[in-house]
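Take a look at the structures listed below.
Next come two complexes, and both contain chain A; in the first it sits with chain B, in the second with chain C.
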Partner chain A sequence: MSRKFLSGNEAFAEGIRLAKPDVISAYPITPQTIVVERLSEMVEDGSLKSDFIHVESEHSALSCAIGASAAGARAFTATSSQGLLYMAECLYYASGGRFPIVMMNADRSTALPWNIYGDQRDSLSQLDSGWIQVYAENAQEALDLALMSWRIAEDKRVSTPVMVNLDGFVLTHTYETVEIPEQAQADKFLPPYVTDNRIDFANPKNLAFSAGPDTNYIFKYKAHTGMLAAKEVVAETETAFAEIFGRQYSGLLDSYRTEDAEIILVTLGSIAGLCREVTDRLRAHGIKAGVVRIRYMRPFPNEEIAAALKNAKAFGVLEKDISFGNEGTVFTNVNSALQKAGIHIPGYNFIGGLGGRNISAGEIGEIFAAIQSGANSVNFLGIDDAEKTGGDGNGKSNS
Partner chain B sequence: MKEILWLGRGGQGAFTAAKLFGAAYISDAQSQYALAFPSFGPERRGAPVRAFTKLDTKPVLDRSQTEQADYIVILDDTLYSPELQNLLKPDGRIIINSKAPIPDTFTFDGEAVAKEFRLPTVNTVMLGIVSALSGYITEAQASAAISGYMPEKIQARNIGAVRLAREAVQQ
Partner chain C sequence: MANPTAEKLSRDEYFYGHKACAGCGGSLAVRAALKVLGQNAVSVLPAGCMSAVGFNFPQLCFSNNSIISTFAGTASMLTGIEAGLRAKGYSDFTAVGFAGDGGTADIGIQALSGAIARNDNIIYICDDNEAYMNTGIQKSGLTPFGARTTTTPAGSNIHGNLRPKKNMFEIAAAHGIPYAATASVGYITDFIKKVEKASKIQGTKYIHVIAPCPTGWGIQPDETVEIAKEVVDCGLWYLAEYENGEFTLNHKPKDFSSVEAYLKKQGRFKHLDLDDIKTIIASRDKKWAYIEKNFAYR
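Here is the complex of A and B:
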């Protein structure tokens, strides 16, 4: 094990090196580029024995990975923002074909206005594409997910591709302390990929076929149950990971000081660390605050969110997304989890960090204050006028 | 947590200095953590850039831009304005690469040292200055970071520049 000072992108590339994919096909796009550069350098210097396939677009990058996976290979790709949207058609082919591809997505704003900075509108727009979606908080978690995601995707109960999301720049381009495991540890954790879901001349079968109204729904049902099975597989994978690498992750979400919290902020990605720091400061002043960091957006942690929020008096959701004309998609999902569990407490949505806008500790403090005192249903950070937020102004969680 | 804000122009290596300082801080102590990041965006030579180093004895959770720095290090004195004092903690200091003194700041002629080591920029010279003034990292840690994260052919000259800069402060 070595301790290095690496960016999120570099750390993720190290994780992929340890996972030894057979095929890498990717097209560079800011802020993902460094992952692709590092992997191509590793292939060039022989430290990674993968076939690196240069493609002319993101649509081709994922198509290529699908083809490789259909041949029984462990396949990796990476993208961001408009690149993810351009490959959107292929996302459904990969998940529908049950090809356990791993993709790294550098979360970045979507055009127009054109913007290369981080927010989560790209990946959250693809929640329905049938991919497992996980959001890293820091570079160490990114590296660790680069290893764990294969084991989850390739588990026969799951057989579903995984999208690992890293906040653009704030995580992809920030340097921090990272432990790099040894190859022997990674090999012990992640055996080579073996599958029957592949082209095999000795045992010919039909792959990636069409299915009419009489059977189509069965495949969709199975994709759904396969995704749900990932909940259990995530837990098993994290236990196995902790045994070998000594780092224990917390499943579909990560709760901080929620046990006795009266106000809880739910969020995802790299902003969660600052939310926890602000929580500590509020606690020092006697305010019972807590934080829930959603790690997996799909499968969605409905029961876990309900359990974390059930004793709170009010909650907020801070997200780098807006579904225009409604609210942030994470907020919609969290409200659904609470409604199903019969929990009816006020909730407020805070839209921040769009187009890479900095979210300060002061703003997070204001969010907690707004959760405590009541706010608009939907609040845009940096735009204080209630009329401009489109909120209903009466503190209702669902307008 | 200790925070250093670096100001420079594209090409001066402000972010490289920010990164090296963080790498130095974590280089030989398992209990020390750092974060370093630039002001994000397209890289443009000559344009003002900011970079940030955060140091702590526990993992650094705050990834936001520094609002109250312990040190502001300015690689090009034309980037200084008195308003920068507002970004300092009460006991914070501003360190500027400048041939002429500037009120309420610590100035040092980094170019003279850079020239001596045939370095095109003053980033590691100023890293040496702030390391000596702050005491956050030792000369050995700075050298280890340069050896670990800079191309081999420029390591020795940068290590020499850090040493000379530190000696200048200590005198």
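Here is the complex of A and C:
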């Protein structure tokens, strides 16, 4: 094991090197570029024996990865924002075909207005594409997910592609000290990909076919249950990972000081660290705050969210996303989890970080205060009068 | 197969039990090409007639490994399959795509251009029936001048499609592709030979085969082969190759047969007036002057 000072992108590339994909097909887009540049260099210097294919678009990047996966190969791609949207058709194709591709997405705002900075509107818009979605918080987790995601995706019970999301710039371009596992450890953790869902010359297959009304729903149901099976596989994978690498992850979400918390802020991605820091400050002043960081948006941790929030008096969801005309998508999902669990506590949505706008510790403090005192259902950080900008005007409760 | 002809083709069927219309030129091209390429061909078909008639679970009609790609992704999926199989240690296979005119010249041209530029080791066959037949005969980038389609209706104001076909063969050649060819299912031996030749060449191969659609062209199902011959004989299509940076004409009609007769046999051209036909003949003559000047003949 060695230690290196790496950005999120570079750490992820190190994880991909250890996972040894057969085929990498990628198209450059800011802020994803560093990961594909590093992988290109690894191929050039011989430390990564992958076929690096310089495709002419993101659509082809994923289409090519699907072809490689259909050949039984381990296939990787990476994208961001407009690129993710451009390849959107192929997302559904990959998941419908049950091709366990891994993709890194550098979370970035979507045009218009054009913006290269980080928010999560790109990946959250594709929640229904059938991909497992996981959000890293730091560079070490990014590297570790680059390894774990393959094992989850390729598990026979799952057979579902995984999108690993790194906050654009804040995570992709920020340097941290990262532990790099040894190849032998990675090989022990991640066996070669073996599948029947592939081209087979001894027993030829017709793949990626049409299925009419009589059978279509069965395939969709199986995709759904495959995704649900990932919950168990994530847990098993993290246990195996901890045994080999000594780092234990916390499953579909990560709770911080929630056991006795009265107000809990739910969020995802790299902002969670600052939320925890603010929580500690509030705790020092006797305010019982807590933080839930959602790691997996799909499969969604319904039960885990309910368990974490069941004793709270109120909660907030801070997300870098807005579903225009409604609310943030994470908020919708969290509310659904609570409703199913019969938990009826006030909840407020805080939309922040759009187009890379900084979210300060002060603002997070204000969010906790608003959760405690009550707020609009949907609140845009930086805009005082929510009603002017689409607050729903329903007052203080959404439950 | 040293000298392939239709008679010597394999008796094995690789595209069988499908639901293509009677007289479908596209299915003829797929069937013949797979007989040449054999069991280890991996075929990629985008959305379109051939996938619509061949891949309906549980009625799956390819006896070789086959897969539907996205509409735009024939070439990029071929690239991935070729790279993936190579990575898994296979060498004795042919990755072959069969895309229609729309899937090739319109929505799929970017991926095709990318594959040719990378010189990926694939065969890409465009079965050209000159419109989006699968969706109900809409104009594509390869619909010829004057043709009536459901989106280029022929009325008293506009006589069908106003634009000529994109020149996909020379577009492919302009990339410096190792091998490109034009063909017609009316000259099936020529097509078979070209598929066979392509299978022996390393790098990207592009074959553009005219494959009439009785439904879209307004001909009888038993006229497919005849009309596919006639389009070559009247000079509106030509049989050629591009290899080692040079164009070669494979077949030179002594005298062109009647363009008007070719057009008037087809429902899609019935509305054309004498001026339209003159325009078509003039454009044919211009093309052949170019061919005479720039293509070797052997």
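A few comments on the model shown:
Just so it is clear, the second predicted complex is superposed on the first by the 390 of 399 C-alpha atoms of A that agree within 3 Å, B and C clash if a C-alpha of one lies under 4 Å from a C-alpha of the other, contacts with A are read in each partner's own complex, and residues count from 1 in each chain.
Throughout what follows, a residue touches a chain if its C-beta (ideal position, glycine included) is under 8 Å from a C-beta of that chain, and two chains touch if they have at least 3 such contacts.
Values in this document were obtained by computation on a predicted structure and should not be read as measured data.
Chain A has more of its residues touched by C than by the other of chain B and chain C. By the document's definition of touching, neither partner reaches A:324: not chain B, not chain C. By the touch criterion defined above, A:22 reaches chain C but does not reach chain B.
Contacts of A:358 after superposition: chain B is touched, whereas chain C is not reached.
Judged by the touch definition given at the top, the superposed model places A:277 against chain B, while chain C stays out of reach. Residues of chain A that lie in the contact sets of both chain B and chain C are absent, per the superposition on chain A.
Across the complex, chain A meets chain B through its residues 3, 5, 31, 116-118, 138, 169-171, 173-177, 270-271, 273-274, 276-277, 356, 358-361. The part of chain C that touches chain A in the complex is made up of residues 39-40, 42, 44, 51-52, 54-58, 60-70, 72-73, 75-88, 90, 93, 110-111, 113-114, 117-118. Taken in their complex, chain B has these residues touching chain A: 19, 22-23, 26, 30, 33-38, 40-42, 59-65, 67, 145, 148-149. On the chain A side of its complex with chain C, the touching residues are 22-23, 25, 51, 53-57, 59-61, 63-73, 75, 89-90, 93, 199-201, 204-212, 215.
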